[in-house]
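The first chain written gets the first letter, and so on, giving A, B and C; residue counts start at 1 in each chain.
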Amino acid sequence: MKTGLTTLWVGCLFSIPLWMTDPYVLHILVVTGIFIVAAMSLNLLLGYAGQLSLGHVAFFGIGAYASALVSLGFNVQLAPGIVLILDPQPVWCGMLSGVLVSGAFGWFIGKISFRVRGAYFVIVSISFAEVMRLVAVNWVELTQGPMALNNIPPLTLWLPGVGEHVFWKKPENYWLVLSVAVVSYILIRRLVRSRAGRAMVALRENEPLATSVGIDVTRYLVLTTVCSAAMAGAAGALYAHYIRIVDPDVFLFIYTVTMVIMVITGGKGTLAGPIVGGLIFGLLPETLRALAIRPEVQWIVYGVLMILVLYFLPAGIVPAVRQWWQRRRSDAAAVRAST
Amino acid sequence: MDQLLQHGLNALMLGGTYALLGIGLTLIFGIMRVVNFTHGELYAFGAYMMYMFVMLTGANFFVALVLAVVLGVALGAAIEFLLLRKLRGADIDTTMLVMIGAWIALQNAEQLAWTGVAKSIDNPFPAAPLVIGAVSVGWNRVFVFVVALALIAGTYALINHTRLGKAMRATFQDRDTAALMGIRIGTIHTATFALGSGLAAAAGALLGPVFVAYPTMGDLAAAKAFAVVILGGLGNIVGATVGGFILALAEELGAGYVSSGYRDAMGFLLIILILVFKPTGLVAQKERIG
Amino acid sequence: MTNIAAGQGAFLSVEGLSIRFGGLVAVDAVTFEVREGEVLSLIGPNGAGKTTAFNAITGYLAPSAGEIRFRGARLNGLKPNRIAELGLVRTFQKTSVFGGRSVLENILIGLHLRSQQRPLAILLGLPSVAREERTLETEARRILEFVGLGARALELGSALPYGEQRLLEIAVALAARPQLVLLDEPVSGMNAVETASFMAKLAEIRALGVTVLLVEHDMKMVMGVSDRIVCLNQGRIIASGTPAEIRRDPEVIRAYLGERYARAHG
């Protein structure tokens, strides 16, 4: 029953471009979809493993830049006499690089996160993202700095028999992003419902007890950050080839905050949380814009909304809805039992 | 050599204000264990208050300075009372995220009120700089340095030689025992947050006229404040003071000899390196306050 | 007094264990061994250093001096999860369960070491993972039945009454299939009925071939279940031997009941 509903729901999502032809709406959906993938990846780290990572945008940005640079090619001098040249590679190669390079940075962060805990890890993660931003701004030879990397090629698929197909149009990009989102969801679901997922949650809930039954803290922190970073890198790569311009603003702290708001209000540590949060905060700006509300006011609304959710629904919307649903069912059962 | 001296002199002025920011945050972070994301906004608030009083109402510069600090203290107390009180037992994520929400709201409110255009603030000091041999420094910067030192000394005296300070130190060491000894933790928290915020506002009020006021100025200030806290060790005022000057020096040297673009990266790099290799900070032996 | 010296073939051998905190000596050159299959109890007044010794043995604290060996392998400096892999699992003095997880999930977490799933297999969704999950669930339910919590499988760990939480703790430790389990005050806070029930459970655990090292204050239980007893006071071993020997030992009496009682009844 549940699988049937899910398939129906996903099928509906896939069908949207068939009847919704407004390219602007599709554009919003694509960007929202990209953010949802990023939010899901953050949820793995923040929600399940309980790591207060506020530098997540770093992985997103690294994925975007890596993918863009690999598909555009680059020529940099690392030191007198040492030059690094790469010719432009096919886009799928770039996207793969985005995932791998992000994952590698994730490995590094995972390794040090064991030594740096709690509030200090928050600070380190924010600093990491800022350093990345400043590198992107200043290493002009590689990244073009604030002038941005332009003309990033869109995704190109080569299918035997059909030939080459370039993803220029919105519907195709929408399907691509939706597919990546679905795959990401499945991967996360598999991870959290396994031994690895239990280990992450155990470390979050009661670390001494978790280690006493053999769970290796470093190993699972690293596994979580690598998966989380790689997925954020994939989102970044999608962003690079859809928007087709990447500049250092992709590392701004405000994007981390957006992802955090999505995860927290949706419900951290739940599978549906980041999706609900992503839909709300991906689509909300557009509705507010339609009402001609200034962006500053919009952000004030976000800030206040987040504070309210934290006060009244600290676990997020999804768990609150679930609880309410449970209570309704048990109330109904009690009523039935008493009559 | 002269260049080095000049950098050193610049670092002195900047270091004083970084120290103010850092001391304020180390007290809040140390005593309340709150990752205070609004700290930068108090810095911006101080600067904008100076703008408002000096440029819009024509008030006396020094009066405006005092007012800006007092209002900063009040705003800090209000934030603590309205937002943090209710979160007393909550876990660190929730508190941190509420602070982020407050930060977003405050910064955008500031943007709404003052627009994104940078505002410059007049100061009453002579334009010609003070020249000492081969180096020179503007009088306004000398003023900033002197006031910053005075505030640092005042805070040190408050923490170490008053009853309130003693209560704050006790709360830092062991909150539960302090409560059992009759210390009202709620009052201490409000006082700490107000004090820390006041220092941040003071830093902003001092630096605003030296540079300019713009809505996102608080972000960088907050980041540097965290760097100073980590350099000096949690709760350590002397450490934060020293840390403030070290950070300023590192920035000056980095900007001068490496690349000016990476100036702001200095703070972040220091944070990462220290937390990974020497988590208790460069100055502190162990966590203590005072 | 039977001499307990650390021998080569000992299951767990603790030799010259010392733990210092600054100037305070919490454990002072403690030497004892645990033999395979036995139940050894560590007793002593509060502050005698029992839990501190536990923490050092299981890797939560670094000893200042001494050697700890388990079946020949040196435990000094190993992380707790590595020590658990070697077959040594502990419980905690203050009730420690995964409160936000269901009782069943608690056991599943305890079964961590018994599971083979590799990250890649998990991500690929290979059928072996689903198969193993089913096996693990069956095993988890079996363990819950063993401690008598079968009916509580889906309840939250934090929702259980105190006595059942302690049972859950034991169950989680057993799930890791230890060869030696260190129980830190397992019956503290339990009433007489619960304690008696626990003693019976302990006998069943023994029958499974698990060696037990116990820290306890409840003398009745200690005398009832132990093969041998080691008594600590102020960080040092003051007596060791069978329950009968310990009951008569003047040093033990003096440590627990004071000098005057010892002289009055000595």
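Quick note on the criterion: contacts are C-beta pairs under 8 Å (C-beta built on N, C-alpha and C of every residue); 3 or more make two chains touch, one makes a residue touch a chain.
What you see is a predicted model; the values in this text were computed from it and never measured.
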{"item": "Reference subunit C; chain at largest CA-centroid distance", "value": "B"}
{"item": "Per-chain Cα centre nearest the global Cα centre, belonging to chain", "value": "A"}
{"item": "Centroid spacing, where centroids are CA-atom means, of subunit A and subunit B in whole angstrom", "value": "33"}
{"item": "Subunit B and subunit C: spacing of chain centres that average the CA atoms, whole Å", "value": "50"}
{"item": "Approximate Å spacing (C-alpha centroids) for the pair subunit A, subunit C", "value": "43"}
{"item": "Subunit B-touching residues of subunit A, taken from the complex the two chains share", "value": "46, 52, 112, 115-116, 118-120, 122-124, 126-128, 130-131, 134-135, 137-138, 253, 257, 260, 264, 294, 296-297, 299-300, 302-307, 310-311, 314"}
{"item": "In the complex, subunit B residues that touch subunit A", "value": "29, 33, 35, 83, 86, 90, 92-94, 96-98, 100-109, 111-112, 219, 223, 226-227, 230, 259, 261-262, 264-265, 267-269, 271-272, 275-276, 279"}
{"item": "Complex contacts: residues of subunit C adjacent to subunit A", "value": "58, 60, 79-82, 84-85, 89-92, 96-101, 105, 108-110, 112-113, 115, 117, 119, 122-123, 125, 129, 133, 136, 172-173, 175-176"}
{"item": "Residues of subunit A touching subunit C in the complex", "value": "186-187, 190-191, 193-196, 198-199, 201-202, 205-206, 208-217, 223, 227"}
